[in-house]
Amino acid sequence: MRIAVQEAAFDPSAELAGFGQGRADVGAVVSFTGLVRDDTGQMQALEIEHYPGMTERAIAALVEQAITRWALADAVVIHRYGRLEIGAPIMMVATAARHRQAAFEAAEFLMDYLKSRAPFWKKEITATGAAWVEAKESDEAALSRW
Amino acid sequence: MRIAVQEAAFDPSAELAGFGQGRADVGAVVSFTGLVRDDTGQMQALEIEHYPGMTERAIAALVEQAITRWALADAVVIHRYGRLEIGAPIMMVATAARHRQAAFEAAEFLMDYLKSRAPFWKKEITATGAAWVEAKESDEAALSRW
Amino acid sequence: MVELLYFAWLRERIGVPREQVESTAATVADLVEELKTRDPRYAAAFADLSAVRVALDQDLSDFSAPLAGVREVAFFPPMTGG
Amino acid sequence: MVELLYFAWLRERIGVPREQVESTAATVADLVEELKTRDPRYAAAFADLSAVRVALDQDLSDFSAPLAGVREVAFFPPMTGG
């Protein structure tokens, strides 16, 4: 298990090197990477604020829950804060399980909870100003399936 | 888009290097890797037979379908055949999309169809013999959700 | 002349991966019946057709499909990819 | 003495990321009412409580929660991680 909350850029593919491999009890690895998107063509960067201390606690609690519920063999969560360029990875999760359904479900569970329950706040920076990203009702609603 | 049907081993993390990154229209990348599992402790290897020609056609048709249905920005499918060691990657899919739900759904769709509609057959090799893996009803049933 | 391909345990039961046959069978089902009369190996391989899938010229098909114009017929068990 | 933390637009409206306050408020809701009477900045920040979340000692909580024994109270908008 590996959890990292960091300002530095990271390479999702490098983080996955060897993950879940070479053992008899893992049949499925799922990874998700979130990247900085620009739907308007106006964005210069994304700024992410977080709550040091609580962030790590909240993520660790989520990962423990996922490991128990889906009997994961391994799990990774990496999440950046600070200033991020368009197209850069924001965060990733990876899960290793016996079967594909467990690996997929655990990854989606982690994503849904990281969206709405980990203390991060995104701000879109444009040439003319900056705007906090509003939480989506659909993200809150997504939690009800778990 | 990249499709490979190959005997050679591959490194899922290396295949993901840069995938979906550095562009404004991708917010989500999902990858799935299937690995050789041994539930009995008796397996020596997995042997995979395939139907050269049809395999590539069937996978290409699936990937085209996924790209259209989920407006994917990019997709990868790699699938091995031949003799594979315990713990080795068998296959992977990766999807890049604007939003996480599309990336997850497209990856699960590809997996469900590769399981039951791509012409591969698995055989488990043990010290005392070999047995063809039987198709699971649950894998066939999984197709009904798409 | 049509090319027949067999995979997995169908290949093992029939004993060859592929063969060319002359047949005037109208459908896949007719072809299977014809093969079953030729040799016990085919009767064994095609004993339970619910466990057999067929592809015509590399597209999944079914036993009622016509064979006119088909060059390659493949028989195999349910697929276990992924 | 309790430590108050503010994040995102709550931090911007109140003008500081953190501060220590003396308060005898029994609950989070009482504390918020007290702050709103102190300065218009708080009134602006806490105008719509449906858009404000609270954590007590780094655990998500709610406005009816008691403050007894709590050392760190954080206010912030709905989270937008992932």
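Letters A, B, C and D mark the chains in the order given here, with residues in each chain numbered from 1 onward.
One rule holds for everything that comes next: a contact is a pair of C-beta atoms (placed from the backbone, for glycine too) under 8 Å apart; a residue touches a chain by one contact, two chains touch by 3 or more.
All of these numbers come straight from a predicted model, not from anything done at the bench.
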item: Path length in the contact graph (subunit B to subunit D, fewest steps); value: 2
item: Distance from the mean Cα position of subunit C to that of subunit A, given in whole angstrom; value: 48
item: Whole-Å separation of chain centres (CA-atom averages), subunit A against subunit D; value: 26
item: Chain centre separation (subunit C, subunit D; CA means) in Å; value: 72
item: Subunit A, residues touching no fewer than two other chains; value: 34, 100, 111
item: Where subunit D touches two or more other chains, by residue; value: 82
item: Chain pairs that touch, as defined at the top of this document; value: A-B, A-D, B-C
item: Subunit D partner contacts - residues on subunit A that touch it in the complex; value: 34, 49-51, 53-54, 57-58, 79, 90-91, 111, 114-123, 132-135, 139-140
item: Subunit B-touching residues of subunit A, taken from the complex the two chains share; value: 11-39, 41, 43, 86-89, 98, 100, 103-104, 107-108, 111
item: Complex contacts: residues of subunit C adjacent to subunit B; value: 5, 7-9, 11, 55, 58-60, 74, 76-82
